[in-house]
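Chain IDs A, B and C follow the sequence of writing; residue 1 opens each chain.
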Amino acid sequence: MSIKLNGSRLTLFRGERCLFRDLEFALNSGELLLLEGRNGSGKTSLLRAIAGLIELESGTVFWNDEPVRNMRQLFQNSMVWMSHKVGFKGDLTLVENLQFEAKLRLESTRDFDDVLQRLGLKKLKRLPFRSLSAGQQRRVALARMLLSAAPLWMMDEPASNLDAQGRELVATLLSEHVGKGGMAIVAAHQDVKLDLPTHRIALQ
Amino acid sequence: MSASDEQLPGIWLGTSALVKRDLALVIKRPGDMLNPLFFFAMVATLFPLAVGPAAEQLQFSGPGVLWVAALLATLLSLNSLFLGDFEDGSLEQLLVSPVPLSALALGKSIAHWLTSGLPLVLVSPLVALTYQMSLAVTGVLMLTLLLGTISLSLLGSIGAALTVGLHRGTALLSLLILPLAMPVLIFGARTVSLVAAGDGVAGGLYFLAAYAMLMISISPFATAAALRISNE
Amino acid sequence: MWKFLHKLASPPHFYRIAENMLPWFAFPGLLLVGYGVYAGLFLAPPDYQQGDAFRIIYVHVPAAYLSMMAYMIMAISAGIGLIWRMKLAHAVSAAAAPLGAWFTFLALATGSIWGRPMWGTWWEWGDPRLTSELVLLFLYLGYMALRNAIEDTTKADRASAVLALVGAVNVPIIHFSVEWWSSLHQGPTLVKKGGPAMDTAMLYPLLAMIFGFTLLFGALLLRRVRTEVLYRERRKRWVRDMILASTGGSK
């Protein structure tokens, strides 16, 4: 099943500043979109705007040729989001957090232990989330992506707080996901080189 | 593949999961639930201390004082309704989840009521006792608080969503919610007084129930809109 | 017609159209108010019950009526701005709020002055109109405080719009609640329901004041919206061009 995401004439202002104007992009199955630029260049805002978290000044995002604003729930069912804040409750354990999210997205937790094993989180299962290090917390955010069945991954600085091994892990996971026919949009200020069909948008 | 067939069990599952999650969080930090209750009891204590312990006066002003105390205690607990989620980023995850945000907003309101309004209703007879309120009057007090706190949780969610993350959010939240909460306060408190005076309560209770219905129908959507705006 | 409305929504066009409309509101308004004040003070006979004290209604009633109309305008334009994403509508809403708050304050002050000879006090909680107006004042203050607390203009517009709409739904309910609450006491009120019909000599000045105040409110609102628009668009080219043109094209 082929899926398509594209944006037409995307324009966004932040107060008085124009972050981008009449931006276009097209993304198909098995492709990666990289948003590049220094901090404050607007790449996070673009990512958030595509995800629907920020209202665009003008322009439309299309999911399978239908405007996302007409079928928001369906679009959000097809995407999974990673922000620079990991988005888990500190007082709950890693397991409780992920189980909650599974219910939120009607997902099964069949491969739970395998995913945790792969990300090196198995020993941390029963600890309160806030006692995990920043790097470990980001890995849990990666677990969220892996446990989700959504074809579109949207990630803001996925490798932040990760060491070299962690960054390699992110690259591997992205390659696997996109290689299997998924899609990903990644905002990164460091250059990410992957052996995948990649579109790039560089923001000033 | 019908989107709505997939959605309905999803909406129920997702929303109830959110309510359970918030309840689990309160169990881990009981202070969140207990502090407003202590505040309620404290305010109810302050009044006789300030005005004098004359039994008649207490009986007369009891319903009003308890209702104001309940309202203020609710405001206290509303303040942090979305704050934690906003700060750790879990609010954003709710915004992008496949479950409609208005359902999730309703879930937050329900969780708030279970940990704020319901405890108030259950604790109120103890405080009413100290105000020499008769059994019948206490019963009506509990009924009005039951219906009223439901409305306050729903109405307050809108205010909390509008002010989350703002500088001096607490004071602003009070300024926004208190005028809007006046009908609930008026009908809640005065209905109890009417019972004490021997009048019928049906009208007041009907009003509170109707207002709660109104809030159930508009609050989830207004709260969802406000959350999206505040998170930008 | 649609073209006119479409043009109206564009800030530079609105700025010019409003400038032309302003005198049509201001002058008739001033005339009506002038007549109303003169007739109200000198031509209308004294009330058989209250004597000359009743004359304050010539300010109180229009102020109270406008305080509520301003809220409706604020809420409706906020709704239009939120649903149809019209920036100008948000500007109207922002401009209407302080005006409405001042009229509310005026209604409260004149209501208090009116009540003094009758009640012997400067305030009477039992009066439903006065208490409702007080709650309305808090609604305005809350709206303005929320706008103030949010730095980004667009975000402030949208957040305060949600608040205004929720408030608009609640205003009739608040009104009704306060009426019910005061009816429990049968206390002294400003205007008895079903009182004696008004003498035409008393009525005409009142109508003139109501219409005059409304027109003046319109003029003030137009003025405020123009200023609001100018501020919001201050970095745009049309503002720069206009300033340059009016200063004779100098640097």
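Assume a residue touches a chain if its C-beta (ideal position, glycine included) is under 8 Å from a C-beta of that chain, and two chains touch if they have at least 3 such contacts.
This one's a predicted model, so the numbers in the text were calculated from it and none came from an experiment.
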Partner chains that subunit A and subunit C have in common: B
Far-end chain from subunit A, centres as C-alpha averages: C
Central chain (by mean CA position): B
For subunit A paired with subunit C, centre-to-centre distance based on mean C-alpha positions, whole Å: 48
Subunit A-subunit B separation of Cα centroids, rounded to whole Å: 36
CA centroid of subunit B to CA centroid of subunit C, Å: 32
Shared interface positions of subunit B, touching two or more other chains: 232
Of all residues in subunit A, those that touch subunit C in their complex: 15-16
Interfacial residue positions of subunit B with respect to subunit A in the complex: 3, 6-7, 9-10, 13-14, 17-18, 21, 24-25, 28-29, 84, 88-90, 92-100, 228, 231-232
Residues of subunit A that touch subunit B when the two form their complex: 51-55, 71, 73-74, 76-77, 79, 81, 83, 85-92, 96, 100-101, 103-106
Residues of subunit C touching subunit A in the complex: 152-153, 235
Of subunit C, residues touching subunit B in the complex: 135, 138-139, 141-142, 145-146, 149-150, 155, 158-159, 162-163, 165-167, 169-170, 173-174, 176-178, 180-181, 184
